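Look for chain A in each of the two complexes below; its partner is chain B in the first and chain C in the second.
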Partner chain A sequence: MKAYATADTANVSAKPGLAARLKKEWRKNAFVYVVLVPVLLHFLVFQAFPLGFSFVLSFMDWPIIGKAEFAGFKNWETFLHDRLAWKSIGNTLLFSLYYILPTMGIGLLLALLVSVRSKLAGFFKSVYFVPVVTSFVVISGIWAWIFKGNDTGIFNYVLSWFGIGPQLFFSDSKQAMIVLASLSVFKVCGSTMVYYYAGLKSIPGHLYEAAKIDGASGWTMFWRITFVLLLPIHFYVAIFTTIGSFQIFDSAFLLTSGGPNYATTTIVYYLYQEGFVGLRMGYASVLAYVLFFIVLILSLVQRKFLGKEVHY
Partner chain B sequence: MPAALKRLPLYVVFALLGAVFLFPFVLMALGSFQKVGRAIADPLFWIPDEPTLYNFNYIFEASNFARWIGNSLFLTLVPVAAQLFLAGLLGYIFAKKRFFGRETIFWLLMAVVMVPNQLLIIPKFIMFSKFGWVNTYASIIVPELWSIMGVFLVRQFMLTIPNDMEEAAYIDGAGDFRVFFQIMLPLAKPALATVGTFAFISCWNDLFTPLIFLTAEKMYPITVGLSSLLTKEGNFGIEMAGAVLSFIPTFLIFLFFQRYFTEGIAMSGIKS
Partner chain C sequence: MNQISIRNSVATYSKTEGKVCMFKKGILLLAILVWSLALAACGSNGNRDTAASSPPASPPPSASASGESSGTPAGEALSGEITVWAHPYVSEEKASELKAFWNAVIQDYNAKYPNVKVKYEEIPWKEREQKILTAIASGTGPDVFYQIPDQVPQFANQGVLAPLDDYLADADLADFNEGALRAGNFGGKQYALPILQETQTLIYNADIVKAIGEDPAKLPTTWDEFNAWAEKAVSKGYYARDFAGAEACCNATLYPLLWQKGGDVLAENGSVILDNEAGVATFQYIKDMYDKKWIPADSVSNKDQFPEFLSGKMMAIWGSGYTVNVLNEEKINYVIGEPLTDKVKATFGTVGMFVVSEKSKNKAAAAEFVKLLTNKENQEAFNKLTNYIPARKSAGSIHDGDEVMKKMTEIAAVSRPGIVSPVARTIMPKIQAEIAAMLEGAKTPQEAAGAAAQAVKDELAKL
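Up next, the complex of A and B:
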């Protein structure tokens, strides 16, 4: 490190010839450049170029078969007047509504539960985490049978114990999104649990002891200490579940194909339909950029809030 | 009152929630042994009265399931190996090496994390059509050879390792490669285990990318294969047998590397 610092100041003050400096840098860091150059090339080809290309695409008519043509703002104008596109955004927001708070709330409750000092806690923490590593395809396959929309469906059977008649679930345009959200809550709340668990572990115990001496009840301690000190975790979890909810695709593709009556056509499902079923690559790029802007804004919000550390 | 009794309500809550979380998996496991043609008219249709392996046999004979498993293994293990190696190497370089533009390059690479996969997949589809990569393993493997999140995790980990050992090795005359392979890589094992487990799960479970790039049935990974089975068969036992087979590898990884998941989540989330 010291060697580097002196070399640096020497560069600034003495300014040896460029060739000599490059040679010196190469001798010092050949290893770095040998590794970094191919990686940066890979980055250019598979990430930077596609990012720029998709922007260009959004101003083009680009069918897979046939000629690509410049289309100006046509695709963007189409988007502004495309009721289905706006419906897909609305559907995605609805999904977020059903999904984000339950995932956070259940995750927090599970974290509180498994942070109890008990031999069984570790075991159950693992159990609650299993859905996180399971693919959407597997869980969707199971969900299809649990939420079958007639009286032989398992969930309908459970409902019948409470005197509730059979529900349609996937074929009901109001319920379909709720069932898809329930699938995602089930799949993701194990990971929010782990974030909250890490957060809970970092809260110093003396705060609770002090509160106890002051005669605070468990309820007060939860809201005044635990909940408040978990603020950074709330933000982090809120942002990643929100970003995830805007990218929901698998379950809508597998279970409802965007239906019934477009009720579960999410942004990404619509993008998939336009781009890879309808082969309208230009228009699909517009939709992708809309998705990107939403995710970007959310990420920037996250940056802003995550910068603030909470001190105990 | 004995302590165990006092804790009873806690155990009941644990167990009830455990049952809710495990029920879908129990349904899947039992259902995979259910015989075809069992009336599904009653709600307990998923409990096999005469367990059979028919569904598993059927899957392997009537579909390309064995091939799909092979495809998935290949499309997962190659990127995982490459990502481990490159995450180690790049994490080391960005944490310990001092070179021109280090921070700028690193944060430039990181910035692209915010770009959703769905945005890049459209131009990539056009590019790969031109390359002749559609329906080849390359379309999935090549873009996944390294991942910036893996690099980030290893870099964060290596920043916490003091420089003493590395410097001592250089003084003893070790070259860059030796220092990396014999000192830094073994030290970074916990971070690499996290990178590996996450990469395995995300590659194995990916549906969207192969759905677009691999359209020939022979090329399907297990996610796409299983989803074609789900839409085609409509048969409970067969679907569940397929689900079990695609679930097992992720479950094994989870069993063996569980703590790296939870530590990795804590590491990526809290410190970033």
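Up next, the complex of A and C:
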């Protein structure tokens, strides 16, 4: 021990040899490194490499089944002038607007409901979570059925009780996005409920007792204590719903094929059309990177405003 | 606090028990992990859906003697291995009959070319796009595979299909239906041979026809006659026909009407004529149908209006052989209509073709397989089993006993395979969007046709 300390102080300006450090590191953490190897390999092959290769592809012209040719900045220039690409970004932002806040709000509401101490709380927790684990294709089928655009659709039938005429839903370019967003909200609010539930459980009970003594109403307690102390959960849920909302593809693909009149063409749907149907992988890579930058910037912004530490 | 104490104890352990022990354990773990990774990699390579391979044990081959002498080097000289990808063309119940068909074809082939090993794989319909794209991109694709008219020009344009012209001297090309053969022709070269056709036309609900006071035996043959019937149907509270504006665009919705009006998307010389007089008139006709409620209000983005027809709300539905099967099951009285004529009698019908990959290491053997697969006998056997229409005129009599299929076979003679161009698939969502905008009232038919034509021009420019 003492000899080691001396060696260390003597070599304070020159580091101990690299080989010696590596050997020490290996001996200490061999197990950790060995377990990490397959995980790292998987990450490298399926995440890091495609990420880098996509960037390279955005400067090329690659029809998947043909030869790849260098195209310089042509794809990026095309993107700047592509009306449909900008429309798809706009559609995606619109979708996020219809999706993020309702998902968080309804998730929080459900979490509050199931945190009531009742025998049925567990049952309802499962019920609310069922859409999350149901196949997207199944829910899309149900939504297509409910929101059929003529008077035989279920939702239109319910509306007729209130004297409202049949709505076109997926056949109306103004309503289509809202209906799609409602599908995603329905599917995801179960998982946001779970996160908020965990957050609710971690708020110390003595805060509520103190507030009650001070004469605070339920409403005040919720907004001053619960809502504020859920900040880390808000941050986490906001980030993952944002990232999810920008990647929306399945419902546009299954229900509306990007229509009517491009109203539901989201950026990932457009990317898919260009890359896999149009066989223009270079341009699709540009779209993918644009999406990447948008989500990155949004995440950083959210981190700045919501990522503050919480002090009880 | 806890972490430091654990680390201390580990450090103590390794010091007291020996550093060598820990080192050995690390190496052992590493070895196990590497070995399991290797196993996983090898395992995934071995998984294949092999339905049949040669030579199988099955009934003696059907006579493959069409009296053809091979235009290629002597049969025995072809050797090697070819992989054939096809799809489940029939339902589960008939799967074993389909397998028997393939076994018979392969046995036929091996009788002629005994040194070529044929490996057959059945690919589910759902995955075929991704599978073929990734297979070709990685160079592990099949030698022979199945394509439809929208795909052949796109793939041929990228140079991934092998032209078959050199091998077709004895393939009796004149026997093929003209439209079917054209679907496999791109840039003057023949890249595919068709095995099946499917045709689409208006199918009428006989009960509704009688309800509006018309005779199901005297169906409309021209647009004017149909329009008169449509007016009557709507006045009695029915829809006249369907218009599945989403998925079915544009082969099953716009194109048949456009062709019947005497128009097209591309002219013979390749120029865009979608917004010429016939084109605008067709867009106008669709808008009129929508405004007059001949077609349901959600035609803008509906994928499937079959339920409306099945529940007796619609006079006619645009359907094919598959539709007929369902109608038979549902016991609906139907009558099959001729394709309508305005200036031209035309309709849409997809064509199933087999192609040879340019990357094939055995093109001659693959081409010979395609020729054999699409000869008269095999077309008869295949289409009898799958209930499609043979692409060869000489095989056309197989459905003579079935009135419905006989009618479909006749209609196939005026069927067109769609737009034969590499942009065939990419223009569809764009044309669909313009039709949707028009039906919503955002654009006039003239503007919509013009915008659609511009979209086609833009796509052609990207080639």
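The rule is simple: the second predicted complex is superposed on the first by the 253 of 312 C-alpha atoms of A that agree within 3 Å, B and C clash if a C-alpha of one lies under 4 Å from a C-alpha of the other, contacts with A are read in each partner's own complex, and residues count from 1 in each chain.
As a convention for this text, a residue touches a chain if its C-beta (ideal position, glycine included) is under 8 Å from a C-beta of that chain, and two chains touch if they have at least 3 such contacts.
This structure is a prediction, so every number in the text was calculated from the model and none was measured.
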First, second, both or neither for A:S173, with chain B first and chain C second: second
Touching partner for A:F31 - first (chain B), second (chain C), both, neither: both
Which superposed partner A:V133 touches (first chain B, second chain C, both, neither): first
Touching partner for A:P204 - first (chain B), second (chain C), both, neither: neither
Contacts of A:I64 with chain B and chain C, given as first, second, both or neither: both
Touching partner for A:Y236 - first (chain B), second (chain C), both, neither: first
Which of chain B and chain C A:F276 touches, first, second, both or neither: both
Which superposed partner A:G218 touches (first chain B, second chain C, both, neither): neither
Residues of chain A touched, compared between chain B and chain C (which is higher): B
Footprint overlap on chain A, comparing chain B with chain C: 28, 30-31, 33, 35, 64, 144, 152, 276
Contact set on chain C toward chain A in their complex: 7, 10-11, 14, 19, 22-23, 25-26, 29-30, 33, 37, 129-130, 133, 136-137, 154-155, 158-160, 245-247, 296-303, 308, 425-426, 429, 432-434, 436-437, 440, 442, 462
Complex contacts: residues of chain B adjacent to chain A: 7, 10-11, 13-14, 17-18, 21-22, 24-25, 27-28, 31, 40-43, 45-46, 86, 89-90, 93, 97-100, 105, 109, 112, 114-120, 122-127, 129, 142-143, 145-146, 163, 176-177, 201, 204-205, 207-208, 211-212, 223, 226-227, 230-231, 236, 239-240, 242-243, 246-247, 250-251, 253-254, 258, 261-262, 265-266, 269-270, 272
Chain A to chain C touching residues, read off their complex: 26-28, 30-31, 33-35, 37-38, 41, 63-66, 144, 148-150, 152, 166, 168-173, 176, 256-262, 273, 276-280
In the complex with chain B, residue positions of chain A that touch it: 1, 4, 25, 28-33, 35-36, 39-40, 42-43, 46-51, 53-54, 57, 62, 64, 110, 113, 116, 118, 120-121, 124-146, 152-154, 156-157, 186, 190-191, 194-195, 197-199, 202, 232-233, 236, 240, 246-247, 249-250, 253-254, 268, 271-272, 275-276, 281, 284-285, 288-289, 291-292, 295-296, 299, 306
